[in-house]
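Paired with chain B in one complex and with chain C in the other, chain A is shared by the two complexes that follow.
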Partner chain A sequence: MWIYLLRRLLAGVIVMLVLSFGVFILVALSGNPLAALKATPGVSRATIAAAAAQLHLNEPLADRYWNWLDGLLHGNFGSSYTGQPVGSQIAQRLLVTVKLVVPAVILSVLIGVVVGVISAVRQYKPVDHVSTGLAYLFYSTPVFVLGLLLKDFLAVDVNRAVGHTVLFTVGQSTPGITGTWNVLANEVQHAALPVITLTLVTYATWSRFQRAAMLDVLNADYIRLARAKGLSPRRVLFVHALRNALIPVITVVAIDFAALIGGALVTEIVFSWNGMGQYLFNGLTGAESPDVYAVSGWLMVAGTAVVMFNILADLLYGVLDPRIRNA
Partner chain B sequence: MSPLLEVMGLNVTFRTRDGDVHAVRDLTFRLGRGETLGIVGESGSGKSTAALAILGLLAKNARVTGSVKAAGQELLSLRERDLAHVRGSVIAYVPQDPLSSLNPAFTVGWQVAETIWTRREMSKEAAHRRAVELLEAVGIPRAAEQARRFPHELSGGMRQRVVIAIAMANDPDVIIADEPTTALDVTIQAQVLEALRSARELTGASMILITHDLGIVAGLADRVMVMYAGKPVEAGPVDDIFFRSRMPYTLGLLGSLPRLDGVGYARLRPIPGAPPSLVKLPPGCPFVPRCPVVIGRCAEEEPTLRLAAPEHSSACHRSRELAAGVPLFGTADPAPPAPQTLPAVDDRPIIGVTDLVKHYPLTSGRLARRKVGNVHAVCGVSLELRERETLGLVGESGCGKSTTARSILQLLPATSGSVRFGDQELTTQTRRQLRALRQHVQVVFQDPMASLDPRIPVGEIVAEPLRVHERWDRRTGPARVAELFRLVGLNPEHRNRYPHEFSGGQRQRVGIARALALEPKVLVLDEPVSALDVSVQAGVVNLLEDLQDRLGLSYLFIAHDLSVIRHICDRVAVMYLGKLVETGTRSQVYDAPSHPYTQALLSAVPVPDPQVERQRRRILLTGDVPSATSPPSGCRFRTRCWKAQGICATEEPVLADRGQGHPVACHFAEKAAVLPGPRR
Partner chain C sequence: MPEPAPGITPPTPALTLVTDAIQDPAVESRSQFRLALERFAHHRLALAGLVVFLLLVLLSTLGSVFWQYSYSTITSDFATGPSPQHPFGTDLIGHDLFAQVMEAEATSVKTAALVALIATTIGTVIGAIAGYYGKLADALLMRFTDLILAVPLLAVLLVLANKLSKQAGSWFWIALILGLLLWTNLARQVRGAFLSLREREFVEAEHAIGASDLRIVFRHMIPNAIGSIVVTATLTVALALLIEAVLSFLGLGIQPPEVSLGSLVSSGQDAATSLPWLFFFPSGFLVVTILSINFIGDGLRDALDPTQRATR
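On to the complex of A and B.
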């Protein structure tokens, strides 16, 4: 067990090394951060050379990667081209994304499991058709459309009905508010819409997974035997069926969650949240892009999340399914 | 007093895209206290569906009408919640496949205990203690320890016992066992049937035993009901059904069985054709197309189950005449005319195998595969197959018989040993040389649905070997394919159909035609009839016998069914855990079995004769077959053998004649008559 975990972690480290090297090189070669500076009339060669030196652009690529990696191993993510420390920037961004993603994932799991189970138990009944239709609707609607619709209809109507702003449509919080409860309430008001948006998109897929897994299990012979044993319908459903039907869903949730740590880019942009997604986006398209240090820093955090949650998903699978445990 | 279980006019219809499937039609029977009713039928006869309908366990697309009363209470109108109180405590159920029927996420002890504490005023601890007792009662050794295991960690026989323990848990009045031993080996089957017997005794329950195996019914049932095309066609006391049947289908079924105890090896009498589709049943008796004694009335009016003798009813317009003995199925499948003159038999073996060994490496580890051991599938097997001879290789699953076959065919590279075809050593041939030699040794697999490409018309499947070996001629090829079709009893006009359009028996005939396309000298038949229903199996067995006579073929016939082997084989080799334990002619092995394993095998096979079954004494082996990864030292059978002594663990007995007249690999080999003598 521990050897297995150690081996998986080691493999994860190797994956991250290869990935960071590849991304570092590709990003560095994919554009010139000084293009804008060069295009500006009246900028002297010396200025450009100084800027290049400051950004280490004059050094060989391998050396730059090595220096970056060396810093990373000493806990230093380096500075972005705009001069800010990548480490603390990402920490801030990560906090923002977590505030958005964690509530959305919790809600999505709850809604997805409940809807999926009901759909499966009532297969081809009206409830199933409605939930299937909604799931496809939410899944196929582009996130920015969904976000804008919520802003324009839900937020505006609610705010008008109440008489003051209940649902904020932009940003993570209103500056200048004091008092723990006020701050918390304000943050919830800001988070409501983006969380709802992300939840609708996410629950839609998960409920389909849950429905399929549940249908699979409900048709299994052991459910028939559980009924033949004389167990109550409720016990058959929740103890025997759900226990097994959750296994594949949990894996999907763990892996999707890891991907969301890297940022829910569209949602963040629609609601002007400065999360991980926007950080990557800015690093690739901002003023001095491509910003190798920002992108590589982002990659280390997002990639680690993916690797860790993949391992977690596998471990959970082993815990939940005894057939995998000893294999 | 009302009967324990009363089923009246039960009908089950499934709605499908192809139309309504009438799976059970007009099923009526009563089950008295302490009685065992055997329900017999081939696949698709509706016997399992009936069981599930009684318990209210059918899928949602099933429409169930009629009446099912348990102790006077109507069950069909009960809601699921109320039915739950009936299930398990009034009627318990033993399902067919114990692996898929046990929840993979919970230990087996928990699953037995759950049945108890959810239904009774009993603490979980007390329920668990009771569960261990139940597991002991059905013959699970070290039950307390086994109770902590998960289903996948137990063997098939052990799992089946767990399921029986679950059925016993709430002291039911009726136990419905649906093919409880179908997936099991014969020695394990004997153990599980014993467990079922003790379950019946301990709970005092009545039993409905559903099976396709007439031998099991003969040994366990008091009364028998035969089903065909969803309907009961005959019902009565077990002796009446076996000895005084009044229904052509039952008679046909009994006649088509190869017997372990028969006199001589008379040709089987198959029932022609295949069971009807249940979607659009024509009016009249569904057995008409296969029945040898049809009269005009049969096609117009479907006979209902009527009393033909006291307590004995049958659904046949001619049941009264049958009692007087109308000749049936006498020469329904005549042997073909005498073969053309074949060349004289060569005395040298056509296939010779010496010390064949096949090990599979066992690996572990997820990132780097490491070899951690070997599965010793075949360990030093030596065989000889002579011209125009049928050699039977028999043994239970996992004994290495299929691996042996595949190694002989060079489909698997042997680890060591020699395989010869005539004078040529096969193990050292190059690929190209082997390909040429393959023309002479062909194979027929067990599952024709899996071994025939579903997207190729059967005519092409049969022609393909000719093309591969560049023996296809555009002018004569189609005629050759038609000839092959006729040879195996198929209509050449069906050559453009696809495998799924044929019945199981016909598909196996396609497989045989394909194997014969290259005019081979040897056919390796790997369980060629075990996927087929008995009435169809007989036809394929007869075909194989005819082909051997006409074409002078040699057969290596691999099977687990000892009755089929006895019927078709000239010589028999018995295999256990990768080794041969006994070889000899058919009469040597069957009439004077001398290895304890052979004796146990033969004694475990149920015989379709209730009088014989009542008197038989079984040799019950203990435990399961050991793992082939680390087989026992010395004699591999010693862990289950009642004769085992010190020498068995230290010295491996060689396969040699020890005064029995044929080779036996046992230090204490001794002839014993295990099979009942020929009756009548």
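On to the complex of A and C.
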């Protein structure tokens, strides 16, 4: 068990190293952060050279990567081309993304599991057809279409109907609000639409997984036995079937959740949230882009989350299903 | 209850029954392809998806050729709602939205189809080599696949798309990038199928009569795995449409003067509240296209690959 964990962690570290090297080189070669400065009329060669030296652009790429890695091992993410420390910036962004992603994941799990189970128990009944249709609709809809629909149409209508702004569509909060309750209420009003957007696109896939897993279990012999013993349908469903049908879903949720730590890029952009996704996007396309240090810092955090949660998912699987642990 | 097929008389012993059936012209032999076609035809949603998708392709091809305006024509009407002259209305500078949506639909479908073609070819070849030869080839190729899978797809896409779209924002380059990144799923599936296929008797028999590796792989093993290949290829089209739309929405995909459904939604979003047609027509076409392909994929799964039904 411990050896297994150690081996997985080691493999994860190697993957992260290879990945960081690849991305560092790729980003560094993908453009010149001083292009805008060079294009400005009246900027002397000396100024450009000084800027290049300040950003270490004149050093060999391998040296720059090595210096960055060295800093990283000492807990220093370096500073971005705009001069801000990457570490503290990412910490801020991570907090914003968590505020969006965690509620959305919790809601998606609840809705996904409930809808999936009902669909499976009432297979091919109207309720199943409706939920299948909705799931298809939601995973065929690009996130930005859903987000814009809520932002430009639903929010406008709701706010007009109520007479004042209930649903905010831009940013995480209104600055200058005082009082714990007011701040909290304000944040909830801001979070409502992005969280709904993310929930709708996320639950759709999970409910299908839950339905498939539940159908598998419901057709198993031990469920027939449980029914034959005369257990109540409720007990068979919740104690015997659901507990086993949750196992595959938990791993899917863990892996998808990890990917969301890297940011719900499109949702964040539609609703102007300054989360991890925006940070990556700005690092690649904003001023002074491509920003190698910002992107590499993002990759370290997002990639580590993916690696850790993959290991966690496998461990969980083993804990929940002893047959896998022994295999 | 369906009547028993003519030519089959229940009391006869099994052997004569089979020969009877072969000799009886009333019972036609049905090929695997025919059987799959029949199963597909029974899947009503898939059939509807196919019809809708073909109509969309036809409409967008005809629309971009025969419609009175080209997608780049600037007419004298700007910001007008749907009318007989402009069925989908016009945008802020006077582009006819119908012409634009038709052109965008064609570009998006074209891009997604090329992505699926590239990804399917790479995925099949890598999966086939890994699964057929096993051992070192398998280990190397699968570690490579794992690495591609571990890469946050979006990050690499953004880097590459950003670089390429600035230089040549053509649909071809976007399709190439997506194709080079979206093959991993298929490679794993083909590898899995090949690992079990290569142990089967008919492959052993081919080895025994001295068939070449190429012949075994292409004539015997790929046809046996074609079901999951076709299904995954179809779902890749839907995935590519989604990803291309997101990239174009972010301004990193299809670049002007070319238009795609994602870039149309993106350019219409600022005026979406006052000129809602700029949002609803392109995003409607986008969702219907992706939905129809997902339904086709589902039908194909039932028809070609009945063992894979459980997922999704």
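Rule of thumb we're sticking to: the second predicted complex is superposed on the first by the 327 of 327 C-alpha atoms of A that agree within 3 Å, B and C clash if a C-alpha of one lies under 4 Å from a C-alpha of the other, contacts with A are read in each partner's own complex, and residues count from 1 in each chain.
Operating definition for what follows: a contact is a pair of C-beta atoms (placed from the backbone, for glycine too) under 8 Å apart; a residue touches a chain by one contact, two chains touch by 3 or more.
Just so it is clear, the model here is predicted, and its values are computed rather than measured.
Engineer: Name the contact category of A:4: first (chain B only), second (chain C only), both, or neither.
Structural biologist: Only chain B is touched by A:4; chain C is not.
Engineer: Quick one: classify A:19 as touching chain B (first), chain C (second), both or neither.
Structural biologist: So A:19 only meets chain C here.
Engineer: Scan A:195 for contacts with chain B and chain C and give back first, second, both or neither.
Structural biologist: After superposition on chain A, A:195 lies in contact with neither partner.
Engineer: After the superposition on A, what does A:30 contact: first (chain B), second (chain C), both or neither?
Structural biologist: Once the two structures are laid over each other on A, A:30 reaches chain C alone.
Engineer: If you stack the two complexes on chain A, which partner ends up touching A:245: first (chain B), second (chain C), both, or neither?
Structural biologist: A:245: touches no partner chain.
Engineer: Once the two complexes are aligned on chain A, which partner has more residues of chain A within touching range, chain B or chain C?
Structural biologist: C
Engineer: A:292 in the overlay: touching chain B, chain C, both, or neither? Say first, second, both or neither.
Structural biologist: neither
Engineer: In the overlay, answer first, second, both or neither for which of chain B and chain C A:322 touches.
Structural biologist: A:322 sits against chain B, while chain C stays out of touch.
Engineer: Mind working out whether A:226 is in touch with chain B, chain C, both or neither, as first, second, both or neither?
Structural biologist: Touch status of A:226: first partner only.
Engineer: Please indicate which partner A:120 is in contact with in the superposed arrangement: first for chain B, second for chain C, both, or neither.
Structural biologist: neither
Engineer: Under the contact rule defined above, give the chain A residues that sit at the interface with chain B and also at the interface with chain C.
Structural biologist: Comparing the two interfaces on chain A, one with chain B and one with chain C, no residues are shared.
Engineer: Looking at the complex, which residues from chain B come into contact with chain A?
Structural biologist: Listed in rising order, the residues of chain B that touch chain A are 52, 55, 57, 59, 80-81, 84-89, 92-93, 95, 97, 100-105, 114-115, 118-119, 150, 152, 163, 166, 169-170, 366-367.
Engineer: What does chain A use to touch chain B in their complex?
Structural biologist: The touching residues are 4, 7, 11, 219-222, 224-233, 235, 240, 243-244, 320-323.
Engineer: Could you please specify the touching residues of chain C with respect to chain A in the complex?
Structural biologist: 146-147, 150-152, 154-156, 158-160, 162-163, 166, 238, 242, 245-246, 249-252, 262, 265-266, 269, 272-273, 276, 279, 283, 286-287, 290-291, 294-295, 310-312
Engineer: So in the complex, the part of chain A that touches chain C is made up of which residues?
Structural biologist: 15, 18-19, 22-23, 26-27, 30-31, 136-137, 139-145, 148-149, 152-153, 156, 205, 208-209, 212, 215-216, 259, 262, 265-266, 269, 280-281, 284-285, 289-290, 295, 298-299, 302-303, 306-307
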